[in-house]
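Notes follow the structure.
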């Protein structure tokens, strides 16, 4: 049932298919429908020590402003032929804003977040609400919310952006609109109005009841994340079930109006491994991007080891076997396309036997 | 179509109905199906200054222990003929625990909470997790969780209990089981393990994912409630929409795994009115119990005014017109059967025109 | 911890409680919170051969019209002191409409259905849509839909009504409004417009997308119910899993916009037992009312047997052990308050061991 | 903020980006994040009169069997560079099975359906349940269900297959497993067991309660679809709101356990336009594939007209303005990726003003 080059009838048939914009299944079934996910994207590591200096050079050479919009430099998965995609679904970039610079406001259907591995002094203004960015913070810009950034200091600042740009581009679901050239509120409060309304544990304001598509919390502060992880490990020490696996604490950032993921397409979590801990090797449907926030670790991705340190980014494509171990302890931020996979019921996880 | 006493045929028919355990609709339609809710329960106020001394006397005279289980004295709505029900669905009681006393462990299908208007020094142990009780705290004991209380101090302590006992009794849905005579963990930590795992804003542990029937947060601490209300009023002062009405801040206690109510049958909220504020007169389907936590206020219930101060309890039955005003400012805890009403789609609210 | 009659201090305390509308828990815990549901309602059987002649006599003596609204005679559970409640939550009545009579239109928050054990010739008009009533049909009148009935024939017709009147009365959640004196559409079509739009298996119209609180199907016709049950038994004969238990076919009437129950408070099902079949003895939280539609059966309720035939009604209160057996085969309609119990998470079922 | 070829520093920076697998946003923002969806896929029509003879030739030249699995010839959107994708998310193919041929069993994570525009005599066996295929039928093979096809007759049969192959391939979410070489049940019943259990309007069996990811109805028969559409137009004639727009009846195939779409990634509907009807011009996020089942129509796609007749297939990519008109009346089957778009909250529709 495969094409034999020597059959002229069949050759003619295939040429006629092509002429009529048709394409047979039987000659390409294995590629189209492999036994298990066979991503073109490959596991890869980007070092912060490479990224940051390149971002700095871009800061010197490329102005930020209307049109280009953002000084963001995206991870281009080596398996994907040069497109600026960390995986088929996920965009991950380092964004760099020089002293006193402003990135103009715009909005788009794509869902976005920022995670800050170092520095401070930039405010993201989301639908008019200024949100301070500080080390360890996780900030949301859900789809169709206006947002701009401005650096109030004399020092540059860099952070990572995560978006669903590749997915939205592929599925033709995106919209984009320019907003103000500057940010619409230049105030520089310590915490955003969104946090003042929403970031109280288990409490919600009586304004705006009901479930929301996106989390209304603009920023998940490091203090809370750190405290939650510390408590999990302390509870483990006291003998209670609190960690994900021995020595492995983890929290998921959630939408407090649903208990689910912060945005419809992106999951974000923070993991803390004690020194000596190792995660159980597993494969998941869907792709993930990790950033080391603190400490150092070794990622094992489909059998190959990658040593990583603070700021380094790691991509694990779908169904790659992955595990992490650390001698000295490690703090890891991670985001993934799990909400897409789960909402469409393609989720599977396989733990490696005997590992 | 109404019974006329003079028709012997009809009299005989009605007697025959009764003999066969039958009952006609047409003679009692108006009572059975009134135009709007016509509760037998009435609006009523219980003064803390009355409740507390009676609880003290009970503390002197009635030991707490297995069998009676709790030294709890329930509000008996004057319209309900002496049963210990604040409303047809809600139980509200003052519970009193003397120095060093212990209320034994048990569990029941009924959902329960405690709210602390004064004092401290008691720990509630919920499924083995000791939860400190302090002023302003709101504590959960959802259905079928073992729980006991013990007072570690030399002073008595009192608080209010809220449950769905009347509803469960009426609908024949309750189960009860005795547990340990003492509490199963006598530790006296400042915060419970449940809070250490769950009370981080917008974060959830990766253990125990998925939606839960009840909130996993055992205690909602006063510090968080107070801060959330303070921020709403500050945001209002700064010109942002954050309060429920002018001068009226409010939070709802929620289940962080769903964003909904803390338990399937009971809603709980905390309201803060600035001095000079007044809530808009309204009627709601379902009944509520308020407790003044701080300050003083006047409740207007179906046109009649009730002045209340700290610790006083107010019951508003279904569809009673209610509003609250305060000269000096007031903090109010409130719980209701709104989840029952809403899940069964009987909810309606009517705001009084021109009020 | 129980009252001792000889302690004058305690007597005084209890008198003072009563004077202040307070009521202690410890003297009545066992009644208020029994180990398992302890319904006052009792299992009971009403014979159609008793019901129908009484309804006929009412037809002769009591006119139907505005005010009394319906010639409905309710089952009054012998355990409930004479109120017209089949169980604490459920109303079940025989309704009787004489030749050419009309029951006027009204609407109420209470959810209602009709089930037809015999006869035809009456149309129920639901929000202006005339719905023919025929043997075996199950008709809905969800909350706040106007409805009236008119008999087009020269013969009387009787059927059973099921509602949540007791529940709504107890929880003070009801509203009522009079409508037209006659029915608003006197047409007598074979099928309702609602069925023409909605009663196609697995298909929905593109008008009115989204989930609805109530099923939009006004009538579930006997032909479909019968066919579904017949197929289950045929599949069982062919060796496939299709029945609930051996010889026991069953369908649930559902809301096609959600797959859930037809109305928020009432579940309805139809069961068919082959000759010789017996259901497994079980207890459920919540109460049920059965009507024999065809054949004959023996109900065993808390160990006592009740022989029933066509038209007979059986009430099984909460947590009563029940099972059904039949020599000759039986068709059974049943409704219950299961949606209340399940939505509030009080549901439990216990199968009798070794039965 | 765009690259100027003459700046050697910038050229070097871009080369260094590329060397490090990085890619700047600012040079390609417009392509990556257009103002509105800018699909590479184009509107296109495939004529049945072309498709069927090519399928016949394939029937003569290419055997069907293990390895190639299916004699399916896919629509290759002319904008997508030759890949066998009707749109970025959807696969649409004509499948052809000769007399007495069998396509072996397999299963895959991809969701699939068949729609039959002509012919009969093939049975699809889904997880062991033989499902007859006849003109107008819509058949499901949800993800991870084994399925094979066998032709019982002496005549060939062709139909269309719809799947989410492109989406699954792009997102790396697919799994595939070979099954039996022949079909596991060679019976040829008129209706499947699945239909006998599930295809009763508003009724569900008591086996397998709860919501299911996919519809349990294996086949939606033409008789029901046709009747539902006929009734909508008849109701419109009688003056009742039943159609989508004047002269435009439509049904959606649904999962009876949820009321939602039949499968997590694919929506399917059937539309009937009276002679003289015209749909309102609109744009939708997401792509659709139409097949004319009966009659003839003119599709207007981004302003260009396409005349189509029975069996012709039309692809409308995301955000293309589309409308349909017909002089003589037309019956249209359509499927789309709307569940993906809606579950991830990218859905938008824009109706053309004044059209």
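All chains are identified by letter, namely A, B, C and D, in their written order; residue positions are counted from 1 within each chain.
Here is the rule we use: a contact is a pair of C-beta atoms (placed from the backbone, for glycine too) under 8 Å apart; a residue touches a chain by one contact, two chains touch by 3 or more.
Since the structure is predicted, the reported quantities are computational estimates derived from the model, not experimental observations.
J.: Name the chain whose C-alpha centroid is most distant from the C-alpha centroid of subunit D.
T.: Greatest centre separation from subunit D goes to chain B.
J.: If you average the Cα atoms of subunit A and of subunit B to get two centres, how far apart are those centres in Å?
T.: Those two chain centres are 42 Å apart.
J.: Compute the distance, rounded to whole Å, between the mean C-alpha positions of subunit B and subunit D.
T.: Computed from C-alpha means, the inter-chain centre distance equals 52 Å.
J.: Can you compute the centre-to-centre distance for subunit A and subunit D, using the mean CA position of each chain? Integer Å is fine.
T.: Using C-alpha averages as centres, the distance is 31 Å.
J.: Mind pulling the residue numbers of subunit B that touch at least two other chains?
T.: none
J.: Building nodes from the protein chains and edges from chain pairs that touch, which of line, ring, star, complete or other describes the result?
T.: Graph shape here is a ring: one loop, exactly two partners per chain.
J.: Provide the residue numbers of subunit A that touch subunit D in the complex, in ascending order.
T.: 1-2, 7, 9-10, 13, 16-18, 20-29, 32-39, 41, 44, 46, 50-51, 54, 57-58, 61-65, 67-78, 82-84, 88-89, 93, 108-110, 143, 165, 167-177, 213, 264-265, 285-287, 317-319, 337, 339-341, 343-346, 348
J.: What does subunit D use to touch subunit C in their complex?
T.: Listed in rising order, the residues are 193, 196-207, 209, 211, 215, 217, 220, 224-225, 227-228, 231-232, 234-235, 240-244, 250-259, 262, 269.
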